[in-house]
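Following are the structures in question.
Okay, so subunit A shows up in both of these, paired with subunit B first and subunit C after.
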Partner chain A sequence: MAMPAYYTTKDKVWHYTFRVICFAIFFFLLAPILIMIPLSFNAAPFFTFTREMLTLQPEGFSLRWYQDFLSSESWMRSIRNSFIIGIAATLLSTTLGTLAALGLSKSEMPAKGLIMGILISPMIVPLIISAAGMFFFFSSIKIAQTYLGVVLAHAALGTPFVVITVTATLVGFDHSLTRAAANLGASPTRTFFKITMPLILPGVISGALFAFITSFDEIVVVLFVAGVEQRTIPREMWSGIREDISPTILAVATILVLISVALLTVVELLRRRGERLRGMTPG
Partner chain B sequence: MGNASTSDGFVAFDRVQKSYDGETLVVKDLNLSIAKGEFMTMLGPSGSGKTTCLMMLAGFETATSGEISLDGRPINSVPPHKRGIGMVFQNYALFPHMTVGENLSFPLEVRGMGKSEREKKVKRALDMVQMGKFAGRRPAQLSGGQQQRIALARSLVFEPDLVLMDEPLGALDKNLRERMQYEIKHIHNNLGVTVVYVTHDQTEALTMSDNVAVFDDGIIQQLAPPDVLYEKPDNAFVAAFIGENNTLRGKVDGVNGTTCTVRLDDGSEVKALKVNVAGDGVRTTLSLRPERVVLGEEAASMPNRFEAEVLELIYLGDHIRVRMNVCGDDEFIVKVPNNKGGRDMKVGQKAPVGWAIEDCRALDPS
Partner chain C sequence: MAQADATLMDTGGPAAKRGGTEKLVTADGVPLKRALERAQRRRKLVALGLVGPLLLFILTVFVFPIAQMMWLSVSNPQVVNALPRTLEALQDWDGRDLPPEPVYAALHADMVEDLERERRDRLTGPLGIRLNYEISAARSAISRTARQVDSFEAPFKDAFMDAHRLWGQPELWRVIKREGRPLTTSYYVAALDREFDEFGNIVQRDENRRIYVSLFGRTLMLSVIITAMTFLLGFPIAYYMSILPMRHANLLMICVLLPFWTSLLVRTSAWIVLLQQQGVINSGLVGLGIIDDANRISMIYNMTGTIIAMTHILLPFMVLPLYSVMRTIPPSYMRAAKSLGATPSTAFRRVYFPQTLPGIGAGGVLVFIISIGYYITPALVGGQSGRMISNEIARHIQQSLNWGLAAALGTMLLVGVLALYWLYNRLVGADSLKLG
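Up next is the complex of A and B:
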């Protein structure tokens, strides 16, 4: 971007300083993540760059940690668990969150602020407190250390994201469309699936992805609520670091980063589609 | 005159009241009967209760008390999607994620109609509004006027007996609005469908309707065909709301059968038709249409004659609006045809004005 002609020396200095600051922030945010990727190809069992790697010799690199990861039964179980729990929790929180957002968007709904506050409290309450509370509660109703317990806990954590994204989508929703559908003879159920749902779908999917990612990289609640059977990827990484310090977790981390990037790309594409659709609302 | 008797109409409101907050009534004791095939317009300023009435008929609002019936059947407890009433919304409410064809097909699908029959009806409805070529377009790709036609076609495609229109032309420019008025009127004539039309535009109401219900303050002020409404307003509100109107204020000073003598505030005496005044001594508003005032020498033969002064001339092409001072009223408007006499008028000029007794209506004080 060219600098305007009226810039003084002070403005010019700031112009460049500003860019340096921005770059520093991005570096600070991304370096720890990006540094893992080359390290995961380390041939030696260290968390540091070896001389061979720094001089770019082929023997310094290997896929052994990826192999290790793929051939390990406990890692494979954790992947399975992460997806089972993540998908189940996502389905639950997406359904509940969407229904809640729809209800809260109705003008005749009483105590909206209070209900909204309660629904999004899992985002605000420190996770360790939610986790401890869930641990005691789930233990007393005998669902601690079960899949059901972990899924319910993660659904509670994911619901706020769905409520927020769907509520945001509903702000631009033209409620005369549901009236028009009713007027044309469609029952409330049909109106929901044929008119409301297609129009708020981008918000629902964004919320669902956030809920999935929340579950996918959650560790605190899993530590409290899950048993050995329900170990998820983050939980396995946690033991990996504490018990046998192996660069396998770097390989896992690299894979997780790629999954997150893919999911966030989908979110962004959906958001754009949503904006296009909303722009199409007449009047 | 006044409220028609209920219970025998195709659509009937029987002592309907509506309050949103439980205290103030938005609609007060509404009795209205609409015949089959009639074009009924609810006209009134915003907040007069007309849209609320339409929403109650469509089922989106519930009446606080009273009964609404359609074709002799009470519909208070029938949900909107089972009423089978067509409706054109103010913002058109076309489904943005569907094409024009899918929008029109939607009410037919809901009714479980087969594909070939659906296509036939959609095509016929689109042809009716001259939008046959646009079935594959999305609403966002259409202009406001085209969207309006699609909304109209969609409200008619499932062949309802009753169609409601909530200020459907409000968002269009003047020329398009006038064209659509005629089109809606023609469609109404051709299909014989009953239309309840809500508007705050009096020209629209006069152009299109069989009957107009003028709403104000939650009450129907007058229910009459357009010509009666304009020529014989029942009260000062209707006289002022419909068309241009000169008002003179005074006190009744003698009643003689159907006419009365009114002493204006400046002392002059006017003979008027007794319409809405109780009797001697009460205050009244005289209503007089600008085009019924005679200006110049012809005024000599009129029962009401006054000397007036020209204050302002406004050239309007086909006629000239003359603002005059008559009987102490500075806002007295007379319409003069654009001919020699009209063109020769000058500001400050004195001229006699006059009018007939039957053109001057003594109404309630406003």
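Up next is the complex of A and C:
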């Protein structure tokens, strides 16, 4: 926003001060995350910039922490676990969540408010309480410390996001399209896959991404429900931070930041596509 | 379902036009009213059938476990199961001096019978653990007695008192009598830093044993501070983004969304890297000669660490609702206020700010709800002074194994959060929860 010509000196001072403050806050938001990227190439096992790094000498930098990460058995297992659990939980929560959102969007649905409240409760209840409850329950039915237990727990935590995003997509959904398809002789299943699904797909995918990231980033439930065999990346980072904090964590963090940048891009593209499909101009 | 719909549309239309005198029927001769009802019912069933699987899933995997955990906070089967005869004999006991010999005889009978069970089914183990929550050393009293009880001979009173001194103290008997009921309030009493005195009244604990009330207080205080900080930092940038053209605003939005999408542990470890004594900020300050090497500032593993890291982590939750509200405020209102003679600060205070209140309410309650139950960040960067109630719950589940107390603390936290969420819903409606 350009400065209007009628601004007094005081206005001008405020105009610039305000911008300085804002950029300081943006700096506060981004700097901690970005600073880990150069530090992860540190040749020394410190969490600060060494003199060599500051003077940009090549011997100050190394890939040793990445090598450490890639050659570590437990880190590799945690990556495998994170993806296995994340994908299984996402499939489960996306399927159940999409079906439920379709049901909830029907005007005949009874007790909508109550059911919606129950379905999104995993998002509201503090994680420590969910984790404690699941820990007691899963131990009593002997699925604590199994993949099944962690997947079920993560699926439950992920479903609210799927329900919310898909319901939001269905708000702008033109139901005369499905009626038209039925009128032209398509079976309900065919109508769903040929008409409904392509239109709500952006919502389903972004819901699935949210569910995946929820599982991928989840640690509290993993701490309580998972055993050593099911340790995920955040669980491994947790031990890393608590027990022996080494710059390997920074290498992992850098990789995770890159993954989140990629996910952020995908979600943003999907949002724009969804708005375009529904005839809104992308914002 | 869709087919029935189509039939109705074919025949219902013209039929409705003909007026209400003759009986309306669908093409296959069924009265329209009944056909409509049937179609409605079928649609309702379809809707329920779609929601059903998820509802069932959430109820079993999520709602039921939490209800079960809440049940743990009042459930009290240990004494009742292990000592049925003793409890019956204790009924007439006045609770002052030691109980008479028949009570000890009943205790002997109960414990001997328990020995005949298989080892894993024995009830004295849970009994000892349960009584130990109330009196430390009760567990060792029970287990030591259980090892010897087989050889006890009358009079049992002396035999028990020889086995462990606690059996000669009325306090233990008072606890057994008080907890000899299937439901108990004692976990909640303990969670409120209170205890039973010798007359069964609830009194405050000694000052040095009060933990939880002040911990709840600290959790609330930290959540208020964090909410206030996110507001102070979030308001200016949300406002700035809302007055920029969309293209630039979206660019800045990435700065807000990137932390939002970055792993929680990455963000927490980033603050450890920055704030610790050998970290980037301290080393930078030493390098610049601002502080001595010996006087590095401790900014982490205390309350400051928790506040800084959690403000950073929760800031996006404040900015996103604020921004979406501010975008909808027409700039012409401010211009109108100024042209009517308001100074910029009056215009902001009286015209702009009140319109942002829904966003402030939404963001504030959201941040507050999340921070009040936060576990990971306080556990990693909070040290002793930055601990919150969640950390205490986790400690009781994993280390001290007092699950009843953990459940009582958890239930209190849950009720608080649900009340706040209800308030949030009243303020803004759950539908407005926006993601990214």
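As a convention for this text, the second predicted complex is superposed on the first by the 265 of 283 C-alpha atoms of A that agree within 3 Å, B and C clash if a C-alpha of one lies under 4 Å from a C-alpha of the other, contacts with A are read in each partner's own complex, and residues count from 1 in each chain.
Note that in this section a residue touches a chain if its C-beta (ideal position, glycine included) is under 8 Å from a C-beta of that chain, and two chains touch if they have at least 3 such contacts.
Nothing here was measured: the structure is a model prediction, and the numbers come from that model.
Asker: Determine, for the superposed arrangement built on subunit A, whether subunit B and subunit C clash or fit.
Answerer: Clash.
Asker: State whether A:Arg242 touches subunit B only (first), subunit C only (second), both chains, or neither.
Answerer: Once the two structures are laid over each other on A, A:Arg242 reaches subunit C alone.
Asker: Using the superposition on chain A described above, determine whether A:Gly133 touches subunit B (first), subunit C (second), both, or neither.
Answerer: In the superposed model, A:Gly133 contacts subunit C only, not subunit B.
Asker: May I ask you to name which of subunit B and subunit C touches more residues of subunit A?
Answerer: C
Asker: Thinking of the overlay built on chain A, is A:Val125 touched by subunit B (first), by subunit C (second), by both, or by neither?
Answerer: second
Asker: In the overlaid three-chain picture, which partner chain does A:Pro45 touch, first (subunit B) or second (subunit C), both, or neither?
Answerer: neither
Asker: Kindly classify A:Pro32 by the partners it touches after superposition: subunit B alone (first), subunit C alone (second), both, or neither?
Answerer: A:Pro32 sits against subunit C, while subunit B stays out of touch.
Asker: For A:Asn183, using the defined touch cut-off, is the partner it touches subunit B, subunit C, both, or neither? Pick first, second, both or neither.
Answerer: After superposing on A, A:Asn183 lies in contact with both subunit B and subunit C.
Asker: Does subunit B (first) or subunit C (second) touch A:Gly227, or do both, or does neither?
Answerer: neither
Asker: Which of these subunit B stretches, 74-82, 128-136, 182-190 or 326-334, gets into subunit C when the structures are overlaid?
Answerer: 74-82
Asker: From the superposed pair, tell me which subunit A residues show up as contacts to subunit B and also as contacts to subunit C.
Answerer: The answer is residues 179, 181-183, 188, 191, 283 of subunit A.
Asker: Touching subunit A in the complex: which residues of subunit C?
Answerer: 1-3, 5-6, 9, 40, 43-44, 46-55, 57-59, 61-69, 72, 233, 236-237, 240, 243-246, 250, 252, 254-259, 261-274, 276, 278-280, 283-284, 312, 315-316, 344, 369, 372-376, 380, 390, 393-394, 397-398, 403, 406-407, 410, 413-414, 417-418, 421, 430, 433, 435-436
Asker: Give the list of subunit A residues in touch with subunit B in this complex.
Answerer: Those residues of subunit A that touch subunit B are 174, 176-177, 179-188, 190-191, 194-195, 198-199, 277, 279-283.
Asker: Flag every residue of subunit A that touches subunit C in the complex, lowest number first.
Answerer: 1, 11, 18-19, 21-22, 25-26, 28-30, 32-33, 35-36, 39, 46-49, 96-97, 99-100, 102-104, 106, 108-110, 115-122, 124-130, 132-138, 152-153, 155-156, 159, 161, 163-165, 178-179, 181-183, 188, 191, 206, 210, 213, 216-217, 219-220, 223-224, 233-234, 237-238, 241-242, 245, 249-250, 253, 256-257, 260-261, 263-264, 267, 271, 283
Asker: Within their complex, state which residues of subunit B touch subunit A.
Answerer: Per the stated touch rule, the residues are 58-60, 79-87, 89-97, 106-107, 110-111, 138-140, 147, 154, 158, 171.
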